[in-house]
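So the structure is just underneath, and the comments pick up after that.
To keep things simple, chains are lettered A, B and C as they appear, and every chain counts its residues starting from 1.
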Amino acid sequence: MNFINLIDYAGTFAFAISGIRLASAKQFDWFGAYVVGLVTAIGGGTIRDLLLNVTPFWMLQPSYVIITGLALLFVILLGKFVIRLSNTFFIFDTIGLGLFVVVGIEKSLDAGFPFWVVIIMGMITGSAGGVIRDILINEVPLIFRKDIYALACVIGGVVFYICYKLEFSSIITQLLSVGSIILTRILAVKYHISVPVLKGNSED
Amino acid sequence: MNFINLIDYAGTFAFAISGIRLASAKQFDWFGAYVVGLVTAIGGGTIRDLLLNVTPFWMLQPSYVIITGLALLFVILLGKFVIRLSNTFFIFDTIGLGLFVVVGIEKSLDAGFPFWVVIIMGMITGSAGGVIRDILINEVPLIFRKDIYALACVIGGVVFYICYKLEFSSIITQLLSVGSIILTRILAVKYHISVPVLKGNSED
Amino acid sequence: MNFINLIDYAGTFAFAISGIRLASAKQFDWFGAYVVGLVTAIGGGTIRDLLLNVTPFWMLQPSYVIITGLALLFVILLGKFVIRLSNTFFIFDTIGLGLFVVVGIEKSLDAGFPFWVVIIMGMITGSAGGVIRDILINEVPLIFRKDIYALACVIGGVVFYICYKLEFSSIITQLLSVGSIILTRILAVKYHISVPVLKGNSED
């Protein structure tokens, strides 16, 4: 297990925790919470893989299913403690997001798609899991209304594209792309930066 | 760019506008509204392509992503004005629906499926985008309760099938099918025709 | 038509009825109710087939589309009577569930996946249709909060795995697996056994 794997697993854990916590707020049972956690963690990559017409990544090795189980155990055992760790999870979640996006970008690039598709695939990888999570708990998806989340994925994709065109090495490209996503999210949360709300269109 | 392309793009624009307007009524930010608009415009065709096991159409050329961007710009710049254009959009939307259905039918027919599958694929192409839109904004899908929308797609499919069996030329078949969809919708809205509500089953 | 087909169709009918009944409680029109019934009956198998990258099963023969039509007709004609038949439908639904899960397991096993994937595919086949149904009618999916439903699918999968490893004959393996699912559900409903609710995590 190398460093990338470690970050990937930490991101999966953080994504799963976010699903499990929201499910618990809705009185889901353990099994339901597990499913929501799993879908949050693997949903984005699964949609990407269906669109790319390849076998979904999580069906090729059991790590993601196991890590989600550990996340559930963690919440069951340390419930109240988890809430106090919000900041820690924000960091995990954000690093995980950055890595998920870059994994999505590289996989789509390898499949031979042009860069505008690749950037969308990166965004889907990073944010579609959270959208499915919010649909399952019957809430309007958070990322459409709050935080620079999906947009951070697009920024990371554009940075990746620029580095790629400038023929930076693979590792530098990855680092700058992940870094730009993390930086965007931290700045957005710290300075309460958000995308303007679309106004003036009340439905009749 | 020929006439079919023009109608296709106008339909995409109208579908995207419908998604963006509903998103704005829910206080989505610009990015969220863009995503909802895009999903409304391309969702039906994407599900169809996944079921047919081909690469989703919008990943092969950037037009749909760009047109949705123009639709967002249009709503941002001309917000209040857009509401007054409701009738214009109804026409666009309905013509777009007709064309989307016929595109879906022809693509499924080329893939070698029998006609009952083909008609379902036409309906999915025309109406699934609106269903996903309503799920994303956390509303019960409109087409299940109001308007003869999905049923118009089925009628268009049946008309296509009859023309096809009668060996009408391709262009006549397309025109009659699209025409029947447009006519059905206009008549349904004008005379408040709707499918009966299913009654007598209150849940315990 | 053999015995397995008969059970498969009875299960499809019961699943479709469950979707149609819930749709009618939400004032859906006939067409909307039909779509919800169809999605409930074929949704799980469709997601499984998309993940396995094979043509969705219901596109290969019209039985499922026709049976859902019969289910709609049944509810339209016998509306109030259907409610009194709840127990009958519980039996159909549970037998159907067991069979759906085993079909999903065998299809995934044939596709060469390891058993942990196979068990998940069995669970998706049995329970994803109900989840999509609940999303379409804009409710929090029932299976995440009530009944041992998805868990019964997993238990059936584990029983299948054990029988398979013990090299039991195909028919014995199927019977024991389906039987364990039916037994689990009946015991859970009869003795009000449920998975514990995940507590202590109110969201801030």
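Everything below uses one rule, namely that a residue touches a chain if its C-beta (ideal position, glycine included) is under 8 Å from a C-beta of that chain, and two chains touch if they have at least 3 such contacts.
The structure presented is a predicted model; accordingly, all values stated were derived computationally and were not measured.
Trainee: Name the shape of the chain contact graph, picking from line, ring, star, complete and other.
Mentor: Looks like everything touches everything, fully connected.
Trainee: With touch defined as above, tell me whether chain A and chain B contact each other through largely the same residue numbers, more than half shared, or through different ones.
Mentor: Under half shared, hence different.
Trainee: If you average the CA atoms of chain A and of chain B, how far apart do the two points sit, in angstrom?
Mentor: One centre to the other, that is 30 Å.
Trainee: Which positions in chain C are in touch with at least two other chains?
Mentor: Residue numbers touching two or more other chains: 50, 53, 135, 138.
Trainee: For the complex, which residues does chain A have touching chain B?
Mentor: Residues 50-51, 53, 113-114, 116-117, 120, 131, 135, 138-141, 143-145, 150-151, 194-204 of chain A touch chain B in their complex.
Trainee: Taking the touch rule as given, give the residues of chain A at its contact with chain C in the complex, in rising order.
Mentor: 20-33, 35-36, 46, 50, 53, 55-56, 59, 62, 65, 75-76, 79-80, 82-83, 86, 135-138
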